[in-house]
Amino acid sequence: MKNSFGDSISITLFGESHGPAIGAIIDGLSPGIKVDEDFIKKQLSLRRPQGRISTPRSEQDKFSILSGVHNGYTCGTPVCITIENSDVKTKDYASLQCLPRPSHADFTAREKYHGFEFSAGGGHFSGRITASIVAAAAIIIPALNKKGIYIGTHIKRIADIFDRDFSDYSADIDYLSNNYFAVLDKSASQRMNEKIISIANEGDSIGGILETAVCGMPAGVGEPWFDTVEGKISHALFSIPAVKAVEFGAGFLFADMCGCEANDVFIVNDGKIKTKTNNNGGVLGGISSGMPIIFRCAVKPTPTISKLQKTVDMKTLEEADILAPGRHDPCIVHRARIVVDSITALTIADMLAFRYGTDWLA
Amino acid sequence: MKNSFGDSISITLFGESHGPAIGAIIDGLSPGIKVDEDFIKKQLSLRRPQGRISTPRSEQDKFSILSGVHNGYTCGTPVCITIENSDVKTKDYASLQCLPRPSHADFTAREKYHGFEFSAGGGHFSGRITASIVAAAAIIIPALNKKGIYIGTHIKRIADIFDRDFSDYSADIDYLSNNYFAVLDKSASQRMNEKIISIANEGDSIGGILETAVCGMPAGVGEPWFDTVEGKISHALFSIPAVKAVEFGAGFLFADMCGCEANDVFIVNDGKIKTKTNNNGGVLGGISSGMPIIFRCAVKPTPTISKLQKTVDMKTLEEADILAPGRHDPCIVHRARIVVDSITALTIADMLAFRYGTDWLA
Amino acid sequence: MKNSFGDSISITLFGESHGPAIGAIIDGLSPGIKVDEDFIKKQLSLRRPQGRISTPRSEQDKFSILSGVHNGYTCGTPVCITIENSDVKTKDYASLQCLPRPSHADFTAREKYHGFEFSAGGGHFSGRITASIVAAAAIIIPALNKKGIYIGTHIKRIADIFDRDFSDYSADIDYLSNNYFAVLDKSASQRMNEKIISIANEGDSIGGILETAVCGMPAGVGEPWFDTVEGKISHALFSIPAVKAVEFGAGFLFADMCGCEANDVFIVNDGKIKTKTNNNGGVLGGISSGMPIIFRCAVKPTPTISKLQKTVDMKTLEEADILAPGRHDPCIVHRARIVVDSITALTIADMLAFRYGTDWLA
Amino acid sequence: MKNSFGDSISITLFGESHGPAIGAIIDGLSPGIKVDEDFIKKQLSLRRPQGRISTPRSEQDKFSILSGVHNGYTCGTPVCITIENSDVKTKDYASLQCLPRPSHADFTAREKYHGFEFSAGGGHFSGRITASIVAAAAIIIPALNKKGIYIGTHIKRIADIFDRDFSDYSADIDYLSNNYFAVLDKSASQRMNEKIISIANEGDSIGGILETAVCGMPAGVGEPWFDTVEGKISHALFSIPAVKAVEFGAGFLFADMCGCEANDVFIVNDGKIKTKTNNNGGVLGGISSGMPIIFRCAVKPTPTISKLQKTVDMKTLEEADILAPGRHDPCIVHRARIVVDSITALTIADMLAFRYGTDWLA
């Protein structure tokens, strides 16, 4: 089973960017989880393009829950959510069929599917597919919150503009959940917006770094070989096509430290064993320590840009120029953050259900 | 199944650092792979501590193949390899039972296993367990080589000392395979060794960054949601207890680029579609592109050091000092590289067997 | 992942009997399989109730393919098929909510889902769900046929009326594929129909035995521990709620034989090793032998009958009478046969894809 | 992963009949299960050949626990048990290499493994492999017992000699657990023994039917599509090479019943909802009902007999005679029963751990 993720709670995604609908199956949800359609809508709105910093493609993300929910609660059976594709302009892509866009999956899709892929708009590789992840996770997130587990992601960096660090996790996560452009420092937020618009005006694109905190995760979750907390989360994150790097806690900065700096000393706090620092990002030996799980991921610049690029005709093997038609985002970092939140929620919930059983989440 | 990895070719690890033996089951190997015991020994020797840059614990890594190999070839049935633990000094650890070593898994193991863990020497979380990964992969690596697939890892960085980049992959990988301390630039190699010894003399430890190249991987391998090449490899890598960060291609540097710099333009080379640059590290949309797969991982400083550290007694919840007894490595970066090579080989082989069938590897 | 089946080609079912739609995701299909919507319709028609031997509930089984198929061919990405529920009369079931129907899953669903199940019409346990299996398999069956693999199921027995044995597999399977009531002997067919109608008139129900042949299966498919051909097929078959017994080859009759009668002697036929008899039903040691795979399964009488039965109120724990409202089948054996064919096709295809790779089926 | 079984608690078997050792990995056991080595020995003794009704091959089944158990309790990490092969007479099989024994896996192993299989003594397909299942389950069975779950299997039938039905499950299961030849009716037991000896004297073999009861299973365990109680148990049972049929409750007899006879009417018993009859064998809609789980499986006659049989040389394709050398069992039904008990225990424990979490079994 290669296009599903999760053992106890699993998600399977389906759909192509320009097909009739996209969607997800979530299996393994406890019966009795309250499903809040308004919250699903709100979460989808955080992923939807808004303003000049995003693509003009405007999907209403009208979703239907076909199964597994009854009278406002999960039944315990597989939940199928579908989301209509309405604002599709396939002819934008007609000219592209043999010209793979640089850094996009057009070429590798052809290698894998031998030309049978439904490639318009990126097909099954489109960022559009992530809307299903957001909708699916929007059932799980309130249930995790009821258990005291909160997830928040902010834009740590766009170009050379940095957001401040998390300080009060609870307040920061609450703040982020109500802001489309998830930056904690308002001045940084404004400068990042200006930077994106300036890049958009050049017809170019830009990436950035997202940072996520998971608070309230119980200690003792995860498996040493091979289903570590880090392994499971990174496995999920790298499915987001633009994510190219993942680090936990101090991450690559560990290379600058010696052991006596890097080690997180144990202390007692409120009668519980905690660590004074959290360089390990809430995970020791692959197992959650009860400290906040902290990770960052790099989001590469949107591959589709409005500049002429070199490519190769996949049929004739002749070099060619490509000027990508279609509508695209100058930056997807701000839209990706809710996808990161969502995919993290699914992964965490799966690990908890494995540990505590199938009724635990309700 | 949480303590196994792989769908078509899978590995399950067992054993504790101070138990009678550690080992691995590898299932799904094609029948007819030639098994070279000398190569297994050589690979194990690359992981074994040597000289003043490593722990004085000296395991001979005497292994036995209990099943799945007959007359020098794999049978197609599960292969069980066991490796004896001989140089065990459990009493070193007797005093530690309730004092978790900072940044080690002692505390999280207790949270997970409720005190039933066999914790001496790190138990099932010990780096010792990785010897089984090396032995298992040593069956697969020559088979991958016969298919034209080569894997090599070098120490990219120790403290502020950097190795040169890969230049000629084929020659570089060949060079690395015959050197215990896997650094391409001899002068950097010497300075790194000196740095490690100096850190060891202080009773401290140090981490670093490893960089891996996989050459010859066919295009079209991987699945978009969720078994991407990056997702599978990172999932496996994060099982190595000291690995805290993984990046592919340009990785976190993507945050410094705009789209027109980041995009890998397609070109024709030897009648095949290639990319001019390889910022995406050989993976587009989660699928291999046929370019070398390039990734780096951060290895944190060895948690066990010879300095007094603060910790908490897990029974009494009182703060305590800990001066870790036992033997430890001032640096494990150089020993970890063959583990990274090995776990990558297992992951790659699994993805290939899924795509091309169970007989493919022979 | 508990509500999916298959490793290389997997199916996940969703939907409730009285929800808006039911459906299936099929993942792992090779790209380039021709999808024949007329064949899907035909297969669904073989499952649909017809005449006095079936329920009057009349579903048109209008299906939509939401993903994974483009220009009439599979893309290689997950295929989502949905089937509308149109002829739903939920109020028939309103009175039943606390009164579990004997031998149905009402009671066990309550135990499992704690009352959150959407139980009307049997909910997720309804035979209605099997329509999705039939639709999904209708994509795979023509692809298997192109590889020379044919599957056919006939009604071996209803009450004391027996069909003749398979004789010419090829002709028999072809005959069955074009007949709604899948019996090889026309006289037996007529007597079975009369028997069912007579049982229906009494307000009772009846079961029977189905026998299946899979021809053209290559030798060497299956795994000894634990994914045997028998284990995988039986695992799938027992999901059909009415199936309570599965036997391969001589099955329970082996208890009447001694070794020299039971053993299938090897012979050479057309230059290939075959067996003279086929008591082992095409499977030796769990691995396909190249002989036809033969199995039978028992289908219990439809639990819902028009007679007054004893039951217990699940809330009050008081005994109560139940006279099942709603529409039901006096016999589902004839409708189940295409489900058996279909679920067998999915299982076989999965095992073949695992062995020969993900491109094999196209 | 094809040679493992189980999601939350899984078993992987390894070893060949004439290799140095066989064994099992059991992963997912809760930490803190008491491991009773004497009970493991006792269970292995119930599988070991005894007297004239069994093969003269006499293995001591000396086992070692290499990992996952410390101070007499499970650690929560993977348990590896190995069992030495000591009484190996490989030269008995030297003459057989190209002559497949009828009804044995020699031929299908060759088709699957292309001649690389280690076929002596049946290799990885040998009944010998089941000793590892028995040893592994012997860790789990006492833990299930502590939870009030008891499993017992008796020989329902050998030739035309039938054992009595289960009457008092508790007493019967207790009786069976202490008897090597698991028959409830002493007179039937004696006649069965005489029958086996008489068949042995003819150089022939005989099969039979085993019947199993699982008492104390909580209601609400299992999944509708596709991990039903019946599907999981049958999947596991069919791995036992001689098992060719599995039926639950009334099984194939359902074909003789109409609905009003077959349906199990609900009643209240001791304040709990039960059924008056148990034709469904404790499973409704694939989910456990709280009634005893009852199933029967057919064990075919041992394929290896002392009579001359026809076969085909796999190299030359010429017909040949075979007089199987080596030592063999005239009947394995009595030895298989503890394997059925054991594999059932593993399956049940896996389903319970999935439902109630990873700590549940301790």
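First chain written, first letter: the chains are A, B, C and D, and each begins at residue 1.
Note that in this section a contact is a pair of C-beta atoms (placed from the backbone, for glycine too) under 8 Å apart; a residue touches a chain by one contact, two chains touch by 3 or more.
Treat the numbers as computed from the prediction; the structure is a model and nothing was measured.
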Checklist entry - Among the other chains, which touch subunit C and subunit D together? => result A, B
Checklist entry - Considering B-C alongside A-C, which chain pair is linked by more C-beta pairs in contact? => result A-C
Checklist entry - For subunit B and subunit C, what's the span in angstrom between their mean Cα positions? => result 46
Item to check | Distance from subunit B to subunit A - Cα centre to Cα centre, in angstrom | outcome: 27
Checklist entry - Between subunit A and subunit C, what is the separation of their C-alpha centroids in Å? => result 38
Checklist outcome for this item: Residues of subunit A that touch two or more other chains sit at 1-4, 7, 12-13, 77, 112, 124, 224, 354, 359
Next on the checklist: What's the contact topology between the chains, one of line, ring, star, complete, other?
Outcome noted: complete
Next on the checklist: Help me check something: in the complex, which residues belonging to subunit A touch subunit B?
Outcome noted: 1-5, 7, 12-13, 100, 102-105, 107-109, 111-112, 124-125, 129, 157-159, 199, 202, 204-209, 219-228, 230-232, 234-239, 241, 243-268, 271, 273, 275-276, 279-281, 283-290, 298-305, 307, 309-312, 314, 317-319, 354
Checklist entry - So in the complex, which bits of subunit C are touching subunit B? => result 7-8, 77, 224, 354-360
Checklist entry - In their shared complex, at which residues does subunit B touch subunit D? => result 1-4, 6-7, 10, 12-16, 19-23, 25, 27-28, 31-32, 64, 66-68, 70, 73-80, 82, 112-114, 116-118, 123-124, 359
